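Heads up: the structure comes next, in structure tokens.
As written, the chains take the letters A, B, C, D, E and F, and residue 1 is the first residue of each chain.
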Amino acid sequence: MSTVPLLSDEEVSAEALAVFNDIRAVRGTEYVNNFWRALAHDPALLAVTWARLKEVMAPGALDPLVKEMLYVAVSTANGCEYCVHSHTAAAKAKGMTPEIYGELLAVIGMAMQTNGLVTGLQVEVDEGFKA
Amino acid sequence: MSTVPLLSDEEVSAEALAVFNDIRAVRGTEYVNNFWRALAHDPALLAVTWARLKEVMAPGALDPLVKEMLYVAVSTANGCEYCVHSHTAAAKAKGMTPEIYGELLAVIGMAMQTNGLVTGLQVEVDEGFKA
Amino acid sequence: MSTVPLLSDEEVSAEALAVFNDIRAVRGTEYVNNFWRALAHDPALLAVTWARLKEVMAPGALDPLVKEMLYVAVSTANGCEYCVHSHTAAAKAKGMTPEIYGELLAVIGMAMQTNGLVTGLQVEVDEGFKA
Amino acid sequence: MSTVPLLSDEEVSAEALAVFNDIRAVRGTEYVNNFWRALAHDPALLAVTWARLKEVMAPGALDPLVKEMLYVAVSTANGCEYCVHSHTAAAKAKGMTPEIYGELLAVIGMAMQTNGLVTGLQVEVDEGFKA
Amino acid sequence: MSTVPLLSDEEVSAEALAVFNDIRAVRGTEYVNNFWRALAHDPALLAVTWARLKEVMAPGALDPLVKEMLYVAVSTANGCEYCVHSHTAAAKAKGMTPEIYGELLAVIGMAMQTNGLVTGLQVEVDEGFKA
Amino acid sequence: MSTVPLLSDEEVSAEALAVFNDIRAVRGTEYVNNFWRALAHDPALLAVTWARLKEVMAPGALDPLVKEMLYVAVSTANGCEYCVHSHTAAAKAKGMTPEIYGELLAVIGMAMQTNGLVTGLQVEVDEGFKA
């Protein structure tokens, strides 16, 4: 249960409702997920967060599925349960097959493992890796 | 400086040298980076780590550049300096342009940010996100 | 559910009960929260942890509300669900308004974001920042 | 050493230079720190990050020193060396005395400690802490 | 709830069932815990993970109880709820007494605390600690 | 370089010098490492931290080498460079052989890996693991 009540459309400010409606329009669904309903307690923070997320996750040099998988990778390393669930669901919606998902998990597991080995050994950075 | 001396080809066991030579063959370079030279103190751990890394990072349903970027994402969230450097260098070698790199950083930053907001708010997972 | 049963007043040792009663006296409430009831399995660890917490969180050069918010910030970055909830509740009890809470979340989110960007870029520390 | 060269005023784009100049104006100093010089490789990311940071860290319901200390707290938990240095320096510049700094460190240490105890014990959240 | 359904013996592939049966044989119990039932969606990842875990956690220079406690320590620092629970249960099954458990928690708490103090202070490594 | 100058015996307060001398007596060496010299800026924090560390790391139900390895495990997961170095050095001084060190690293790496897999899959805790 979140630290603040999740706000319904009826409970939010006009500024927050406008954000909800933009989320609906961009995503092509009536559903507004809990993160935004919690963030709606601070309409300005809601607005700036959504505006930036929309921009960052839009198609660009990286395609949206890759971006969702990167999001899952970061969220997993940070142990953010909600974020892992929401971005795994988003990745599936954008075409992540079971085979791709298995590779995503394998890379995350491998990276976590060598992060641990490297940090435990405190390996110094090779000169050749530096810019 | 690492917790163990980095081992040269002359100092490692035959088992470790065989791993070094496989790293060279797979990567098409004479250079063996510091991580493996530190890990060579435990030839069995070196061998199993390299064998698994080689398999996980090979082309599959995900292409090698995407895998390197996922590795950078996890390593950044975990704060592993060496891993960030080595996999950023690898990603560049596999075709990561400045434009792609900018988007990678933007997604990492965005994910870190919403990880913080979601965890601070302790948002409960939407039913629809569950398997 | 915790890894050990939460202990009631009737189940704890005399040493642990004395700690519970000091918690009640200091906080001016009969309620002893779950953390202490779990920790009561090890009365010595309970006693030393409470004694130190009482000292650290007391008014000093920093006021108690700021200390609670710092606690929330650390706990959020560490992904400690219980700690986020308990110290957010404590901060509200000590006067954190919705406006302050929004700014707290905004700073946490911003810090997480630039932590990610800086670590991804491996920026070297400016000479002028060093002591 | 960062993954990209730090850019001088002469090397950056016009858009990035405008950001540098705004940093100078807002902070009242000619010095532009390394983070921005690394980020300047992606002028759009630089601009949006600075614009948001300027807004989040401005005086509001929380005073700027408290915001800097919250930033230090998050950055410490995340292990971001650069961020700890830069925001500790900023906090000192905004009036953090040795006494305040000692209390800040004590709260961070305490929070880290109980984060570990709570997570190790997997204590369930008290009903009363929920919104 | 996991991002994939947990698979029963009837639902898994022959390769995955063979892993389940090896888990049963090695552990001397019919029970196969949820982690493996989730991982069974990718039989190759399941097989390699189990094979490696079996090897790493086997008696060696370190006894199995110490290995389980190290696992709890890492999992606690990473905030992995499932891992804390499963390896705490395993440690208890391998002889972890309440007294040992109290010391394990005390060391974890102490390490978290000084990790925070050291990182906050950015203490440079003593020359004598280097290999 | 730390955020505060490291203090010599000549520069610290009498209270801090008494702690330095107790560190010397307990450890049987004249050397006082950098952590304490940084912490000496706040003599009270120095004293309470050392008093607690001395108690926690003393022989008990767990032997001192196991405690040092647990400290390394937590510090590695938290990415604390100084702590990894100092406690790895301490573990070696207390008898950690290369073989034991290899197993320690292997367990850390394995735990990091399955922490990532479990968190990525969001596996729900088995009923049987709960207290």
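Here, a residue touches a chain if its C-beta (ideal position, glycine included) is under 8 Å from a C-beta of that chain, and two chains touch if they have at least 3 such contacts.
Just so it is clear, the model here is predicted, and its values are computed rather than measured.
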- Note on the structure: Sorted by label, the chains bordering both chain B and chain D are A, C, E, F
- Item | Of all other chains, the one whose Cα centre sits farthest from chain F | A
- Counting in whole Å, what is the centre-to-centre distance of chain E and chain F, each centre being its mean C-alpha position? 21
- Query: Roughly how many whole angstrom separate the Cα centroids of chain A and chain C?
  - Reply: 26
- Rounded to the nearest whole Å, what is the centre-to-centre distance of chain A and chain F, using the mean of the C-alpha atoms as each centre? 34
- Query: In chain E, which residues are in touch with two or more of the other chains?
  - Reply: 1-4, 45, 49, 52, 74, 76-81, 84-85, 88-89, 102, 104-106, 108-117, 119-122, 125, 130
- Note on the structure: The residues of chain A that touch chain D in their complex are 1-5, 48, 52, 125, 130-131
- In the complex, the residues of chain E that touch chain C are 79, 84-85, 88-89, 98, 101-102, 105-106, 109, 116
- Hey, which residues of chain F end up touching chain E in the complex? 1-4, 6, 31, 33-35, 38-39, 45, 49, 52-53, 56-57, 60-62, 66-67, 69-71, 73-78, 80-83, 85-89, 97, 99-100, 102-104, 106-115, 117-126, 128-130
- Query: Quick one: in the complex, what on chain F touches chain D?
  - Reply: 3, 41-42, 44-45, 49, 74, 78-80
- chain D contacts chain E in the complex at 72, 76-77, 79, 81, 84-85, 88, 104-105, 108-117, 119-122
